[in-house]
């Protein structure tokens, strides 16, 4: 029995709010149960130095948690003077996941900078960030189209992410914090709207996991992602 | 004429929402017009090294802005590896302002750590932070009282803050971003509920200001603060 | 056809040299084709602060590349003043992988610190690091047993790692640099000697990968790991 | 009774020595009682990146204290690897104060860099820095005029600074360390030679201060500043 | 002919002023021609962690240059966030040189911290720092004796330092900036009052130097050091 | 009697292996007894900013120790976020020593970057680094000649380095760790193949050293260097 009483294959309640703050070209609040992340997409009409003159754009991401988004306050990374290894792993993952569906040549020589800031954490912040960031990215692309900066969208597909795991011997979908901190295996899956895998990152927290469990988790992930993509489409008014 | 059509002595619309996030002992969203700041108060049953064994507590603050809380994206301080001078000035100001009304001996050997994170900026983020942080601090103190950790409140008064300035030759209350970026003088005033000054920080951005303007700004500030303290009391159900 | 002429399921030549340097309790040079990594295991009779008084030990890892281990010189991280996100990801992965087979309580209140330093890189440095580090760890444990510091080994299993990928549409085992820099998918697999999965990290570098490709890569990984564990056992004289 | 036996409205002894060191275009030792600060003004024929091509110059300041300028040795900021928040506040204040009287367009595309280094501290180091820095700046401007780099002075006024406070219930001028560390309120006032306010920064260290005390402190500040500007003029031979 | 018209074996004018600032237990201004360094010695009744419980004291040094102590302004190390390699070399040299004549056991479990801050540079700042620091150290030791903290001096000898070099083919003593920036060889020599060598650091800036030049430089250094030790004794009233 | 049974004027066994790793233009493993250092020379077709447009090249060096190259593990500098003062001193020394024999104009506008990484330490790592780095530099220069990037070698001479010291009252050549950690004096000498001194750095670790000891150490150093240069020539096939 899951602490939240959910079925093994049941997502938490997902709410995607667009235009959450007023300045960014894309600004989304994504809520996955009690996990809440502000995802903004900012357009910068420059590319980083390593891409200059290469006739392509860039999409990258940064991630942070408010110090008291968590049960016990964590140090503010700006005050410590550096980002933790975990933060860097997560923001690299978000960036790679989004770039998997962006045609960087079609974007033109500009950068879309994603910021994912967790204001309340209850497990699954990195996957919520990816799912929400895609919607913010979509809004930023719509802004570029509307402004006439580009004439066709560089987005080649949808992308969303979800966690799966083995909790008390049972493969489950979308772990919340209570499950995440007590599970045997935790796996993050990133997939496109058309069903291709972009990232699979599974870690045995307790006992190693078997090939059978691996297969069950991949099945759950595929099911969860297709529900999330449907939510993204609904939020974007594309259904 | 102010860009917002407000009268010179008119505050923006103020909304104070308590229990905004679920983990912190005090958690407040303060909105001053389009400026929105999450203020949390976290209790830590320790004091910093310089206070160990001195039979007193501590209250301190940290401040940050989400990278796209502003019109143009600003660098993430955690990624740059250090806080700007402006950030440090502001968080020192918030901490001093709150300590002015906290009896640190009565707090006991514990720290209340304030975090003020701006999710949308439209001028006056530091004063909004102080006004909101006081409410979060009050909730954290109530938590300590309810848990029996302390038996009387260490809060000796209310404290709130507001900006005043000289905009196109006219002293005005509560500058928004449009005014702030185009004014001659910008002054932040922090006062207690009983009307004492805690901080006065005035800067001539353009022409130096006269003693007469100084007096007018202090008058406006006193009026604004008493309205803000009334808002704090209403939010706390103390009226 | 692979650039190296290897069959899709063929490992590179693997050489494991123990006692490579003289100071460390465990010191191994692992060569996987042209990839060469020095792995040392150092015993420290202390635990990090977060484990003090918890009656358990710790195993952790650090990773680095000599600046000219690569085709084009990379910046020295010590001179830049920080480790890249990639370095942090890798050293966290190595540490987690080893801890999956160490009984930390049986280790006692001490740390085994692993250092993996790449002296020549040709793809697969993180997986070579894990495979080599296990052997160094085993030697450090033997040292503790011989010195009478512990009376039974805290090692519960073997652990090794390998990369798999999809190269020009074909799933292949053990990518070298030529393949790695030109493949569609790159996946690192960490498994125990008894066949459990510890980590699976797959990334679509080009096109997303299908469930069928996923399955083929997992099969290749299982086969590669069992060969690597046999090499570890042979190097340790345990066959 | 003040510890120094001074009257409430009495400055400490002020000595301004020009050409104190030989390399800088302006070099001043200012002594305010036992507080001694070396203020240098260095001309750099460049502007910072944010001003390039804007046909204007820049004036900025840095501040430091020798580690044993104080009663108890303080850490060397260069060795700690960062400037404290206090240092950054002070150097930002010095820079703003000087820019209030510099016509940056008339300065041309060059920077005058001010350095204020405290060699002995006894209270009031930031206000002494501003007062002394103005004289160094004046000498650097004279150098530019003499060299024919500019043909009219970009200095539009004089500027000086002083502290005022409430010590044992009495408003007093120019706090020394004994007073500063034991006063209720500490306020720094920066004014131009023609009597305009540039900065007012008042902080209640103990009890909040009243509007009446505020008014008395402003009166004292105005009186002190006019004496300091007279000292600057005398030192510059302009009387 | 030397730019300063001095004979090859002639020191610059040396002035040692004790009690230069009021807070430090030892405070010296040393002037070697136009090179001026403030050297303070601060007593701290603690030892660094690596010496705790070892029944001995410590003497160490830090070094800095005011940004405009030089002809062209140098970056402030506190603002850059780190000390240069040159600064670290120099402060390590000063510390080692002084420890050569301090009996650390006789000092007791306390630290004497030396700070050498260059307020005007004209060559030879590191050697002037050592020579001046010794006098400050001597005064700090006298303070400890007077306070009854120790009953015999831990100073076993005098120590002083001087530069020598080969300028336009001629070995010369005590290089000033004009010579230092244009010489073939620059050597710093640290010796005790009784004539033992503590450090010899010679660098060929242009052509390598011969054994004959080496011998001539050592002769000049020995002569210069004995004059400097005489100056130290005179300043300390020990003649 | 030396711990290693060597005669006072006897070097350790020296082995120089070229082409030790495959990517660098010059790559050498130098072994001096149990001290082992990988020295690589990397060509970069750029010069650092301070040399741009000056029609000359640059040669510089970085140095590091693997964390467990030593008897007790040392912190990884990349993880600490900065290089120690010792590391900076050593890498500055290596760079200066090599530049003494490179005609930077003849090198053209390119940089040869030397990296010296100690994989096993037993005393004398900095001198081994210089001696080995010269051979790597020579190979990189040969590569430039072969590629036709330059038409004559910018190397004007050989350069090598050795330590000498006073161990138990006896001047000895080439200290190993056992001697180095227990000697009175440690001196590093860098000389050219034609017998000129490039650097002499002597430090009294215990008692100061006399002029007689100085002379004896210089004699030993001259003898050691000529043997090392012969080894370099043999390794390069130039005999």
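The chains carry the letters A, B, C, D, E and F, assigned in the order they are written, with residues numbered from 1 in each.
One rule holds in what follows: contacts are C-beta pairs under 8 Å (C-beta built on N, C-alpha and C of every residue); 3 or more make two chains touch, one makes a residue touch a chain.
Chain labels with UniProt names: A, B, C, D, E, F = Ribonuclease PH.
Quick caveat: nothing in here was measured; it's all calculated off a predicted structure.
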Subunit B and subunit F share contacts with none
Need the CA-centroid distance for the pair subunit B / subunit D, whole Å please. 28
From the mean C-alpha coordinate of subunit C to that of subunit E, what's the distance rounded to whole Å? 51
Round to the nearest whole Å and give the separation of the Cα centres of subunit D and subunit E. 33
Using the touch definition from the top, which residues of subunit A touch two or more other chains? 81-82
Chain contact graph: line, ring, star, complete or other? ring
How does the ring run, chain by chain, when subunit B comes first and subunit D comes next? B, D, E, F, C, A
Residues of subunit D defined as touching subunit B within the complex: 82, 85-86, 88-89, 91-92, 96, 100, 187, 191-192, 194, 196-204, 207-211, 214, 218, 222
Subunit F to subunit C touching residues, read off their complex: 21-24, 27, 34, 36, 38, 40, 42, 44, 62, 64, 66-71, 73, 76-79, 81-83, 87, 113, 115, 117, 119-121
